[in-house]
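What follows is a pair of complexes built around chain A, which joins chain B in one and chain C in the other.
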Partner chain A sequence: MTPDIRQILKDHARLSTDAATLDAHTDLYQAGMTSHASVNVMLALEDAFDIEFPDSMLKRGVFESIAAIEEAVSTIRDGATA
Partner chain B sequence: MSTVASERDAAFLADIRRIADEVAAAHADDVDREARFPAETIAALRDAGALAALVPADLGGADIAFESVAAACFELGRRCGASAMVFAMHQIQVASIVRHHGDSAWFADYLRGLVSEPRLIASATSEVGTGGDMGRSVATVEAGADGGCSFQKQAPTISYGVHADDLLTTVRRAADAEPGDQVAVLTRRDQMTMEPKGSWDPLGMRGTCSPGAVVTATFPAEQILPAPFAVISAVSMTPVSHILWSHLWLGIATDAFDRARAFVRAAAKQKPGETPPSAIRLSHLMSELTLLRAEVSSALTSYVEELATDDGESLQTMASALRYNNLKIAASEQAPRVCQGALGVGGIMAFKNDTPYSVGRHLRDTMSACLMVANERIHQTNARLLLIAKDV
Partner chain C sequence: MPLRAGIDLIAIDSVAASVAEHGESYLRRVFSGRERSAYVRNGVADSSALAACFAAKEATIKVLRPTRAQVLPWSELEVLPEPGGRYAVHLGESARAAATAAGIGELTVSITRADGCAAAVVIAGFRADLPIMRP
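The block that comes next holds the complex of A and B.
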């Protein structure tokens, strides 16, 4: 899953550093992701993983790092298969 | 709310109504005409302890409920829009500090001091070169060799800047930080210089005295609020601004309606037994005012509920951002509509600036509403959020 997330960040997050080598816990907003770009990241994640983020998850903290995004995607997938 | 708290809130609101009726109303026309700071009203609010209303009890404050502060903005708005706006903007800064100072000893002391020696706080959140986007900064915290910090910021407007004791300013966290990586810094008058830029002769809200300025400040790092500004903005500054502003716009619109009603009653008394034609227009106007009141009131209720249920966590969602953005857009469009309707009821008597039915100031003051964070910019934000938000 992580390589996909990194690719999405590379394509949409407009980070000032390389998404491929970013630490999983680096704050993406501090790395240059704007709130504008974060919406494109969310849309791309929904598309790539065939999921929908519920409104309660559509907030800054859920998308602040690669690790946080992984956790969010897993949470939704687990919920869907449960 | 406990009985003690509700009594305290009732006393606070009684003070506010007295100040609104006796002080703000008396000077409103002069403040407007001269485009001068409503010094008398702010002095009275300061003396009444109203500037520290939101300081919590554990810091020695009156712990007045947010709903009561919103009601105070409405009451002041009925008598002097500019006074209400200065009061509202100050409370926005206090609310942000109260909620986001974390375990900062400096800010806890600052809030305690606000109770014993009230200070007026202004803000510098907009900046030349960011295209009106409050979520980005050019100016930055510069770390000095002695461990101190400094910044210089070019603000296109700072409301009542030269009349304030302190200033809350948004800047980038550090010289190498991204534009969106912001913090908020509180600096005192003796820590900064403000070089005024431009003049102040606007259409309305003239008493807010909001020309631009270049602010230069030096301060210790402890005066930086610990929370990221993005969180402060989502949880406090944006929703609180939109709620308090819309309450005072409702206050202005309500006074315009009251003046229209007074005009109709006077007309009815001249011809007993007949319903004057203007009464029909007043009825139309009432439905417009009711729409505004409903939107303002429901937004306040949902904000207070959101804060209470999960400690403000849900305020960080996009659905919540959309909610309070909509409030701002709707109220800022509806308030001048009501004032223009009042002009239609009172006719020439409302159009003239020196009758009991004059609504020129009301109309001009509420026309500033759509510019305070331009509605088109908020629509742009909403349009983006709507791409992903689900249940709005």
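The block that comes next holds the complex of A and C.
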């Protein structure tokens, strides 16, 4: 899952550093992701993983790191397949 | 009276690009039905107006200062035109809860657009009947 998320971040997050080399726990907002870029990241994740982030997950912590995004995507996918 | 300010700046092109790439998904997730009615006419999105609206939403988030675990959908921060060229911020349920938690009462917004960018400033006044939280 991680390579896809890193590619999505590379394409949409407008980071000041290379998403491929980011630590999974690096704060993406500190790495240059704007709030508007996070919208594009969310929508690209939804397209790539065929999911939809519910309103209850629309909080800063969900998109703040690669690890947090992985966890959120897994949570949604697990819920969808339960 | 204690005040808190939030400011945001956004390139109008970035909003136009999001509309072009994600279309209705982008509009529906970020903007309320009333905002879409105001800023999307006959199926054509006014990227300049949407960018100004988004900047005002972000400026509002900056005054609300939600925690990383606080749910705050963008569509719950409605920025709508008022008579006389002014705008007003209307808070949905989660946003109202965040404002109350912070001790914030009235919100005033000012918007401007120039040179391909939109900017907004939001000033929040604190309610006298609530404690002021300073996260």
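Here is the rule we go by: the second predicted complex is superposed on the first by the 82 of 82 C-alpha atoms of A that agree within 3 Å, B and C clash if a C-alpha of one lies under 4 Å from a C-alpha of the other, contacts with A are read in each partner's own complex, and residues count from 1 in each chain.
Following the convention adopted for this analysis, contacts are C-beta pairs under 8 Å (C-beta built on N, C-alpha and C of every residue); 3 or more make two chains touch, one makes a residue touch a chain.
Only a predicted model underlies this, so the values are computations on that prediction, with no experimental measurement involved.
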With both structures placed on chain A, which of the two partners, chain B or chain C, ends up touching more residues of chain A?
B
Which superposed partner A:S16 touches (first chain B, second chain C, both, neither)
first
Between chain B (first) and chain C (second), which, if any, makes contact with A:L43: first, second, both or neither?
both
Which partner does A:R60 reach: the first (chain B), the second (chain C), both, or neither?
both
Quick check for you: in the superposed arrangement, does A:S35 touch first (chain B), second (chain C), both or neither?
both
Does chain B (first) or chain C (second) touch A:G79, or do both, or does neither?
neither
So which bits of chain A does chain B touch that chain C touches too?
34-36, 39, 42-43, 46, 55-56, 58-61
Which bits of chain C are touching chain A when the two form their complex?
8, 10, 14-15, 18, 21-22, 25-26, 29-30, 54, 58, 61, 66-74, 94
What residues of chain A sit close enough to touch chain C in their complex?
34-36, 39-40, 42-43, 46, 55-61, 64
Spell out the residues on chain A that touch chain B in their complex, using ranges where they run on.
16, 29-36, 39, 42-43, 46, 52-56, 58-61
Listed in rising order, chain B residues that touch chain A in their complex are 135-136, 173, 177-181, 228, 230-231, 234, 313-314, 316-319, 384-385, 387-392
